Amino acid sequence: MASVLGWASAALVLVGAFFFLAGTVGLLRFPDVYNRLHALTKADNVGLGFVVLGLILQAGSLLSAFKILLIWLLVLASGATAAHLVATAALRGGIKPWKHR
Amino acid sequence: MGLIGSNWLVVPIVLPLATATLAMLVGRRSAPYLGLLTASGILLSVAAIGLTVLEEGTIRYQLGGWEAPLGINLYADGLAVFMLLMTAIVGAAVSAYAVGYFTSRQDESGRVAGDSGDRSGSFWVLWMFLWASLNGLFLSADAFNLYVTLEIMGLSAAGLVTLERRQSALSSGMRYLFVTLLGSLAYLMGVALLYGALGALDLATLGELMYPGAATWSALALITLGMALKTGLFPLHFWMPAAYSNAISPASALLAGLVGKASFYLLLRLWFDVFDGGLGPGPGQVLGLLGAAAIVWGAVMAVRQRRLKRLLAYSSVSQIGYLFVLFSLATTASWGFDAWSGGVYHAFSHACAKAAMFMSAGAIVRSVGHDDLDRMQGVGQQMPLAVAGFALGGVTLMGLPPTGGFTAKWLLVSASLESGQWWIAVVLLAGGVLAALYVLRFLNPALIQVKVGPVARPATQNLEVTAFVLAFGSFFLALLSAPLLALLRIGTPFASVLLVGTP
Amino acid sequence: MLSLFFDAVLALALPLLAWRVLTTRDLYRAVILFIAFGLLVALSWARLDAPDIALAEAAIGAGLTGALFLNTVGGLVGRKRSPSRESDESREVAERREAIQSSPGEPVDEVMRPWWVRLALTVPILALGLALGWAVVSFPEPAIDLAQQASDNLEASGVDHGVTAVLLNFRSYDTLLEIGVLLLAVVAVWSLDLGRVRGGQAALSKGLPVLHGLVRLLTPIMIIVGGYLLWAGAKQPGGAFQAGAVLGALGVLLVLSGLVRPPLSDGSGLRIGLAVGFAVFLGIGTAVMLATGELLNYPPASTYGLIIIIELFLTVSIALTLAALFVTAPPRKEQGSKEHSEEKGEES
Amino acid sequence: MSPVTFYLLSSVGIFVVCLYGLIVHAHLIRKILALNMMGSAVFLLLTGVARRGELTDPVPHAMVLTGIVVAVSATAFALAVARRLYEECGRAYLPEEDPEDLSEEREG
């Protein structure tokens, strides 16, 4: 039982890490600020979600599981807000969204 | 030692801290009175501490009731009390001076009034923190606690420099802040290395455990560099002339008189109590050489200045050299105590004299509206007290009897002759001659009699009087040398020398 | 094995990151890298079993300090400033500033000492690095074990957490002076009488409902977290500093998002709030002298209670100070009194 | 080599890199950044030292906590001076040599 949980948790964390990797690649390779934001927030939120899910499986008590979950929710909220602020500032600053030609 | 007896020790630290807090709350109007009250309280407590130490020997005080390696101790020996006394005297004089300084500024015109009121409030809070940190530094027996006092000292001193908002004052204040922060960080790195190597922070414990090794040598180097930078030892004095000359005069007096001495004291304390005389003869020789170079370089530069306050600032570069000469002379040989006490005595007399001279200069600049040395003709007629104060301080710098500077030089010169390093004696005496030159650089034009009509000038009587009184005190400091030297003997690191020397 | 590799990478990354911070041309980028540096330092402290200071570093060292830097860089370069100070500066200065600001955009910095200075510096600096490296590698087993002594005396300290015991009992004098430093810093910053550079932020954030929503959501959470950290400090990592840092960050957030107007330096409520921690600490430390004969030596029976009281007030003052260092707008002479009356109510 | 040694060496690395940067750069922000990171280097050394024994030593932790608070105070003041300097004269650099100030209006 313990080892099944352990494997599942490891797998989930690995999936999360893959999303982080993808998000990082997107941050480096995408053409403009809006695309990069997309890569960052979406991939990282999902990635962190998987990592959190994996860690919850390892959590000793319900309370710590709840705390870990809370971290994810807070990151979701602040990440979304930060992305919104950056995008707004970029639009106001006159940066035009990139269009594929 | 009774309950009250040892508790005097915390008064010079706690009292100004309380005043600073109160001064921040009550605002500018009552701050000067609080400051003066505090000054008298500190004088009283320092006198009580001094008497206790003279009668009963060194005091160790366990803060929070915890013993040394775990807790923080305060420790008062002769040297610490000597520095406390120096700070109390100069501090009280500057406090009195500041009351007059900020009041007369307010009278000047409506425009500056509100501004200087703010500045006066900030001055008192900063100065009270500075005073608490100085007293705390002299009394602390804990390496990390010394760091905290150093930082309070640096921040409040830099804050005092930037009270003057001219561009030059701001940039020299900025540079001073960098220097003082870097010095503190170098010190802290040294403390961290000592903790890594020896596992303690209490100075006495560190001294017992000291061994020469990679970590302790590095710690010595970092601490020495940091403190030399903060004290302004040649060639690390680059920040000093600007910082001292661009600040408002009460701040210049405090910086040149006291703040530089505190970092010197810290080096002295660690050098002899922790590092066992610098872990060998080599480092002391280096510091002595730099000190000798500072004496000559600073004095030559001072002679070449065209501005009164810059002249004084360069004179400080030179006078700090005298302090560092002691590191090459103070060994366990028979002349060790003479050299050590000579250097420390010089710190005292220079603190009083230089503070008094900056205070005089401040009054003069305030009155004549500039500090151009070439246009000082007739100042002696207009402001006899200020010029007299300046002259008395100048005589102390030259080291003529009966000044405190004479006692200090006498001790240093005799130690250098006894040790066979006669070239140090030559430098010391040459420094005195050069000091005469730069002091005359101001006195010559100032004493010229000129015919000028009565000019409307800001009232500076209060300033002149306080400056003169302090200079007068430093002038006769040699008369007190017997009790002061007796005080310095208590708990000195040269106790073994003294036993040999005095049967 | 894996953890050793992780430590090695982290330890290697820190100096490299520091190097990047100091060599990146763009100052904004340098500050962002600095924040990353602070977070990595916090991570390495977490690795070194120091959760207390990891928390403090993440909140104060990286977070608040980083925000301070960003704010200053923003104030220095790029933005045209309000002409509040124009009256009392010479024309020449204004022109010089114009010349500098004529190329807004990236705040860049390339001013360095000449190459020969840099070359000459490398020798002593490398020597220092080698000496220090040798020193830390060859640390002997120390003769004194303060860790043991601290844990032996933990019983008598009134609290169950080592770091809190050191901070508020064994070495409480250091902590007292350190709170003094905070107070001193605020006074020193105020004495500079800075212009109102940050006024723009509140206006900027108008019409950003998302941000306001987030801040409204975070406010109760951060208050709970701060209270929890304070309460937990007696037994486990946490305490007045961490709690104060969290609450201070909340203050900064509230002001920057425009939900609360920046407090004025001469508001007496603010002044009392800033000083109360230091005053209570000093007062209790002095008062116990009557009972036990030494400064800061708490009577054994009431040690825990006194420490909690001190920590409570410290938290208030630390939070206010950190926020004040960041957002206090000193009053301009002319308009001071008017705004003062206006904002009296915000103070609570 | 234990992981603690890595961190000790890392702290030395940060210290010297930042010392070099502090001296070499003229921009005020850069200097303040360097000083701040030098502080972190010392704190890292202390934290490493705290970790080497059987018990984790709380004394260096308390010292670091004190140091962090002192560092943020110093940084805030330094940044304020830098900004004030900029407001006053429009540059964020220190002059190489301090020019002898010959202006007339001194001491108010």
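A, B, C and D are the chain letters, set down in written order, and residue numbers restart from 1 in every chain.
Please note the rule applied: contacts are C-beta pairs under 8 Å (C-beta built on N, C-alpha and C of every residue); 3 or more make two chains touch, one makes a residue touch a chain.
In this text the structure is predicted, and so the values were computed from the model without any measurement.
S.K.: Going by the stated contact rule, which chains contact subunit C and subunit D alike?
M.R.: Shared contacts of subunit C and subunit D: B.
S.K.: Quick check for the class: compute each chain's Cα centroid; which one is farthest from the centroid of subunit D?
M.R.: With centres defined by C-alpha atoms, farthest from subunit D sits A.
S.K.: If you average all the Cα positions, which chain's own average lands nearest?
M.R.: D
S.K.: Does A-C or B-D have the larger number of C-beta pairs in contact?
M.R.: B-D is joined by more C-beta pairs in contact.
S.K.: If you average the Cα atoms of subunit A and of subunit C to get two centres, how far apart are those centres in Å?
M.R.: Chain centroid spacing, subunit A to subunit C, equals 28 Å.
S.K.: Distance from the CA centroid of subunit A to that of subunit D, rounded to the nearest Å?
M.R.: Computed from C-alpha means, the inter-chain centre distance equals 34 Å.
S.K.: Between subunit B and subunit D, what distance separates the C-alpha centroids? Give it in angstrom.
M.R.: Subunit B and subunit D have C-alpha centres separated by 25 Å.
S.K.: Roughly how far is subunit A from subunit B, centre to centre by C-alpha average, rounded to an integer in Å?
M.R.: Using C-alpha averages as centres, the distance is 58 Å.
S.K.: Spell out, as numbers or ranges, the residues of subunit C touching 2 or more other chains.
M.R.: Those would be 128, 132, 136, 139, 145-146, 150, 170-171, 174, 178, 181, 184-185, 188, 192-193.
S.K.: For subunit D, give me the residues that contact two or more of the other chains.
M.R.: Expected reply: 8, 15, 41, 45, 49, 59, 63, 66, 70, 73-74, 77, 81-82, 84, 88-89.
S.K.: So which stretches of subunit A touch two or more other chains?
M.R.: Nothing qualifies.
S.K.: Chain pairs in touch?
M.R.: A-C, B-C, B-D, C-D
S.K.: Give the list of subunit B residues in touch with subunit C in this complex.
M.R.: Per the stated touch rule, the residues are 3, 7, 10, 14, 17-18, 20-21, 24-25, 61-66, 69-72, 114-115, 118-119, 122, 125-126, 129, 132-133, 136, 144-145, 148-149, 151-152, 155-156, 158-159, 162-163, 165, 189, 193, 196-200, 205, 209, 213-215, 217-219, 221.
S.K.: Help me check something: in the complex, which residues belonging to subunit A touch subunit C?
M.R.: 74, 77-78, 80-81, 84-85, 88
S.K.: Which residues, counting only subunit D, touch subunit C once they are in their complex?
M.R.: Those in contact with subunit C are residues 3-21, 23-27, 29-30, 32-34, 36-37, 40-41, 43-45, 47-59, 61-66, 68-77, 79-84, 86-93.
S.K.: Which of the residues in subunit D end up touching subunit B in this complex?
M.R.: 8, 15, 22, 28, 31, 35, 38-39, 41-42, 45-46, 49, 59-60, 63, 66-67, 70, 73-74, 77-78, 81-82, 84-85, 88-89, 94-95, 98-101, 103-108
S.K.: Touching residues of subunit C toward subunit A in the complex: what are they?
M.R.: Residue list for subunit C touching subunit A: 208, 210-211, 213-214, 217-218, 221.
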